[in-house]
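Look for chain A in each of the two complexes below; its partner is chain B in the first and chain C in the second.
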Partner chain A sequence: MGVSPAVSPHLMVPGAKAPPNASVNAKTLAILNNSRATTPGEGTADLAEMMNKDVREQFVEGKFLGSGTYATVYAGHFRADPTKLVAIKKMRILTDYKDGITMDSYREMKFLQELTLHPNIVRLHAVFTSKDQNLNLVLEHLPKGDLEKLWRDSSISYTREDIKAWSAMICQAVWFCHENYVLHRDIKSNNVLIAADNTLRLADFGLARSFSEPGRPMTCNVITRFYRPPELLLGATHYGGCVDVWSTACVMAELAARAFFLVSETDIQHLSVIAELFGIPTEADWPGVSKLRHWEVAFGSAPPKRPQPLSHWRQRLPLMGDDGIDLLRAMMTMNPSKRLTARDVLKHPYWTNLPRPTKKENLPHGGDEDAEKKKAIDDLKRRGGDLETGRSDKVARKLDFGVK
Partner chain B sequence: MSRAASRAPGANKRLAEDGGASQSFLSSSLRKLSLQQSQQHDPQSASRPADSSSDICNVCKSSRYLNPNMRFLVNPECYHKMCESCVDRIFTHGPAPCPIAGCNKTLRKAKFRTQTFEDLKIEREVDIRRRVAKAMNKEESDFERLIDYNNYLETVEEITWNLILRIDVDETERKLRLWEDAQKAELNPNATFRRIADQPEASQLSEGSHVVLKKGGTQRKALAASSGNTPDPFAVDESGKRDTGFVFQGLKKRKAPPAEKPFDPFDGWSIEPQQYTLQEVHDYKWLTAYDSDPAYYVGGWDTRDYYSRMMEEAFGGMCVFLEDEKVRPLGSGSVEIGTQNAASVAQGMKDVVMDDVF
Partner chain C sequence: MKLTEDVIYRNSSQFRNWSFTPTQLAELRLKTNIQACERVKANVARQRAQRAAIALDGGGASASDSERGNTPGLENGNGNENGNSNGGTPMRLDKEVDCLTVAEEMRLVDFCCETTIDLAKFIGLPSDVTATAVQFLRRFYLYNSPMTYDAPVVSRTITFIACKTDNANPNLDDYVAKLGKVTRDQILAPEYLIVQALRYNFEVRHPFRGLKGAHLELGEIARGAYTPVAPDTRTPSDLQAAITALPLPTSGAITDKKTISIENRLNNAYGFAANILKRTAQLTDAYFLFTPSQIMLASLLLADEPLTTFYLSTKLPSDSPTYTKLLTTLRSCAILFSSHRSYTSSTLSPEEQKAVKDKDKAEISALRKKLKNCRDPDKMDLVKLNQAQKRDAENASGGGLEESKAKRRKIAREKAEKEADDFWGPELGKK
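== the complex of A and B ==
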């Protein structure tokens, strides 16, 4: 293949077989999703409705899973094959976006359709609208929770090999995004989900955008604070893939420490937390840093500060090993142009050094194991022939003394 | 307390009676099953639970009637039953001979355990079967033909019964050990086993210097030495093959799993431009101006990102051939969908005029 798979003009989304069209309109979305549409635009409104209905009816919506600021997620499955589970993400309609699609659902659709090929990026099966033009994204069902839940769960123990395996998967996902000129801009352990086969999936492309053209400023108010790199905190409006690399390093360090790596209450405080660890950048190692917007507020009058020595890192992240710490420090260089790119990250000797990363089938995971166990116990408690749900579930059983 | 004391003997008595009955039934069936009747004396007779003696320790004669918390333990070396306090008393200070008269086995405290089955004969048989099954763990797929597998199973059963009925125990044990070692060596060809290093010592051991302290390798050596003129276990015969104890026809040679490839951080993916080469600097005045603009370079914005993207987008659709699309396995999706997609793309591209791309 001469070009990256993601930009080749076909799609792997089963429901959406026509190439994505830039026109953002709920009606045309239906056309996007339909295999019979060869050229978008020839469909009339009625045809579009019909096509949308076709897609919608491929899926059966199940029980409520959870809700966030922008969306509510339901479980579901393919109508044709009930064993194939999906998660249906219903985007909320925001009041100020009455007559269009919200920015984040647009971004999520646009970038996931391109990137969904990679095994470490969440799969988007289809998109359809339900009544009152509500957008539904049909995503892959990921039952095992996210990375943050995993490191928080003290009943799960994991080793440096596991950390290496997980980190490699995250870095691959980030690399793939960057190779296709997409910045994720919200990498955090909360957004890294675990699939049924223990592979990690980078999810939530609601803040993603493509690399900027010169002359077009980007917002510096993205990325969850704990994972936000110093250049964004200082107010840079032109940046590149380096912002994601910093966030990725934060996630890796978080996995190794089993705690958030850089913790703060406010943005300004976060800068001082970073400075505590990495020192205050100087014009020598980060040319032009003092010209950034928030420099004066943050470090204008602060005395110079040296970065923490290697021993501090060793003590804080014993699970990373020396090569891992070297990689993390290179990924968290203050000066973004000296920071490793996602491609360089994967070329670091840390990955090929011993110990070898765990195979994905051997990775520890929490997930729904407990739920399964509980269900097995419930199954055992039930009398033979009883079904799980029924009208008489709550009613006390009639005692049967075997007297006929 | 008194309730427990009064109830326990009764319950146990019933159990003992059951056990005794099933034992006699079993032993008669064993005799029917075996073609050769074992002539050896049966050490089990000493510990065979009599109707009421199962509650009395054969060593200290204390009875459960007086001490309801009494526990009986057996040692798989000789299966003589004794109470926990006797085990503590006799074996705490190291290995000692079995206190039952006529039994010369040396026992260790660590090996004592509670019996699972009331009938000690069954207990012993289960132990032997477990051990043999662990060593002889071939499956049908390991053999070329079904008959080979059946022959193997028959040999396994023969070994088991030999051990249970004490026929040719030494020879069978020796063969079984050789087989175990051969299996281990096959699984892990690079490992060196302790016995190889100890080999000369083993041959020096004579019948007279037969040690009572048996543990691990020493035990095996002692057994090998005591079983008379057994050949050296690791002797290599003329054909250069090691004695594996048993030879099974049609047993497939175990294939070593292929060596693991070094870990690939890119997981097989590679994205390299092929229709064009990127230069380190593309010299356009309007573009290079951004290189020196602090508003851009301070935040890590890189002109190289920009022009590699521009090149990619200019060339992105080229060299996508239908044939390639068919062959390439697409992610985890099926090839069918891929070709469908490719076909629909091709259909869509039919009416695109390709004459003046530039």
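== the complex of A and C ==
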């Protein structure tokens, strides 16, 4: 199989040695051999139901961590090994969505089942349905909160080396998504969680999707506003990985500034905030920009505006250094087709220049026992796509799928 | 971290959970069939015994909630919309149930895959979403038998699930309106059942984009704009000359012409291969046995063999062992396609096609008739089964619902059940 056990989290039982396919078949056989009993109770469970039960029984649900609009989270552990901790996310049945299992749940399951190989993407150990028809996602145990909590916590101090280490992990996670043709579409510091070993995990794939078929429209109403790139604000319905690259740059800048990087109250205002820093795009440096849906409203009658000079960036982000600023500006090029791709980002000299990134064991963190609980509660109170500040424009998860 | 397409594919759920050798596939289907037969027989026997008991003392009140939900025949003696009405064989006490064989099950599922494609076309779904639905259906019936869950019922829900996973405007009201003759509950009832059987894997890797890629690359070669990768030392114009000098295929996309422009040749090959991928590839076990790129190249091989072997030669030296191995794999995939009914029928005359269609129809209706007598009586009405399961879970947990709410629901349920038995049927909803 060519998959080393260390990076094959799809094995449900810790220490299982059989390759995935073999284990499926072995399991199937075992189930079939046990299925001779045809008492009405157990006998009515079919093969899939029995497999589901098998998975369910591998985990022990522990204390309640928090609940909100979308899910309830419990602590838990593997039955076979109580030291292996997990978080069990029970998807709520929503009262305002009547069409069965939600798109969010499908997306989260779909993409986390595929992106199993990367150390900086949250691990989905298993999924099972409980008896009352709730989906349960068994996720990795991430006890140290998220990146936004980290930069907000004034008791933690960190350096440019730390920023480089964190940024590298996020950029690699985004690169991995894109190599797998997955757009995350909700990258923000509060969706980047911190694991027990201080490494980062990109989480919340509830808005993710595969790259669209060329020519088929996608919704532009995604990504939390502070992190949303200009093309989406202008109403583009055809886009690629470049939208995530912009958001990633916002997260990096946020870490360096210890504040949200681009702040606004409305979508339209956000465009002018972006223009304040980057200037108003012209047909010369972004051909076709004036044909985007919201161009007229946003910039139709605005006088030309020049981008801020390098000195402005140096003053705002002293911790990034000139190479870091160069990288950020390339990741935030207004014209999405000139913006760095996630692959190009990793080739930038910033990563190999001195200073070297901090080793993971030396990274500062504010994790304590309660952080997970606090995080879980806060996370669940929020709607996807919203900011913790509550300045939400309710884009939330009402996507229009570009149809009509 | 080094990441090749191969590494990515090997880590996909499609490879991990849904790729098999032909033997594994046959064994799995046999196991599923044996299990389903046993259950059908056991459940029919149990139902017969219960009926006998009822006939004797007029009581069967000990049946649990879910059992009552599953066997509507017990309470009011009339069948439900899913058939098995007026005392078919399962209800007769003397006869052994005649179950479907694996081959018969597969025939029914294949037929349902075809109707799923037609249905999806009717409601205007793109071909990749359709293909996802069909593959979900095929995956579902690896672990389930049509004797347990009727394929047309599963197909409607699975198509809706595919709309959700592939972003194709999944609005249930629209969907139900387009289908007609089906309720929202009927679509939603088997959803959890299906996602369990799909093992919560919703990504299906298709060969469509690969074909488009190959087509574009061949176009570049034909225009003399393609520089081959090492160790191929040919220049772009060498390749251009080679592609224009290729002999015409003896079968496949072009059979009636002596000469054809290279552009038309590429377009014909693309169209021919795309049709195979959209239909024949979906109706065979190709996705379980081969990778998307193998499927893509096999369809191209059937469309235009000289073109395809030439294309491969720009990627791999034709004397390398990998090349030979690859070609063998592609040929076995191509045979899988070319021997399928949907492929061979296109070469027949209209009369012959009609004869084949009629024969198919007769075959299917005979199978459906046989199926009627060996359906698992416990899984007939998925809507009621689903309601009963929810109810049992609520009753079992005790929590979840407040006492008063549960009581209210129970009263409403009993009222509805009672009214359902009334001569004039239940009252209409108050909405």
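Things to note:
Note that in this section the second predicted complex is superposed on the first by the 315 of 404 C-alpha atoms of A that agree within 3 Å, B and C clash if a C-alpha of one lies under 4 Å from a C-alpha of the other, contacts with A are read in each partner's own complex, and residues count from 1 in each chain.
Everything that follows uses one rule, which is that contacts are C-beta pairs under 8 Å (C-beta built on N, C-alpha and C of every residue); 3 or more make two chains touch, one makes a residue touch a chain.
Just so it is clear, the structure is predicted and the values come from calculations on it, not from any experiment.
Of the two partner chains placed by the overlay, chain B and chain C both lie in contact with A:E213. In the superposition on chain A, contact of A:L292 is made with chain B only, not with chain C. Of the two partner chains, chain C is the only one touched by A:M51; chain B is not. In the superposition on chain A, no contact is made by A:H365 with either chain B or chain C. In the overlay built on the shared chain, the residue A:L117 is in contact with chain B and with chain C.
In the superposition on chain A, contact of A:M103 is made with chain C only, not with chain B. With both structures placed on the common chain, the touch criterion links A:K131 to chain C but leaves chain B unconnected.
Using the contact criterion defined above for the overlaid structures, shared-chain residue A:E179 touches chain B and also reaches chain C.
Chain A uses residues 1-3, 10, 35, 38, 116-118, 172, 176, 179, 210, 213 to touch chain B in one structure and chain C in the other. For chain B in complex with chain A, the residues that touch the partner chain are 260, 262-263, 265-267, 269, 271, 273-275, 287, 290, 294-303, 305-306, 309, 312-313, 315-320, 324-325, 328, 330-333, 337-338, 340-342, 344-345, 347-348. Within the complex formed with chain A, the chain C residues making contact are 1, 3, 7-8, 10-13, 16-17, 19-20, 24, 27-28, 31-32, 34-35, 38-39, 42-43, 46, 64, 66-67, 70, 126, 128, 143-144, 148, 160-161, 164-165, 167-172, 184, 187-188, 191-193, 195-197, 199-203, 209, 378-379, 389-390, 392-394, 396-397, 400. Chain A makes touch with chain C in their complex at residues 1-3, 10, 20-21, 24-25, 28-29, 32, 35-36, 38, 40, 43-44, 46-49, 51-52, 98-101, 103, 106-107, 109-111, 113-114, 116-118, 127, 129-133, 135, 172, 176, 179-180, 209-210, 213, 216, 218, 401, 403.
Looking at the complex, you find that chain A touches chain B at residues 1-5, 7-12, 14, 17-19, 35, 38-39, 116-119, 168, 171-172, 175-176, 179, 181, 210-214, 231, 236-243, 286-289, 291-292, 335-337, 339, 346-348, 351-352, 356-357.
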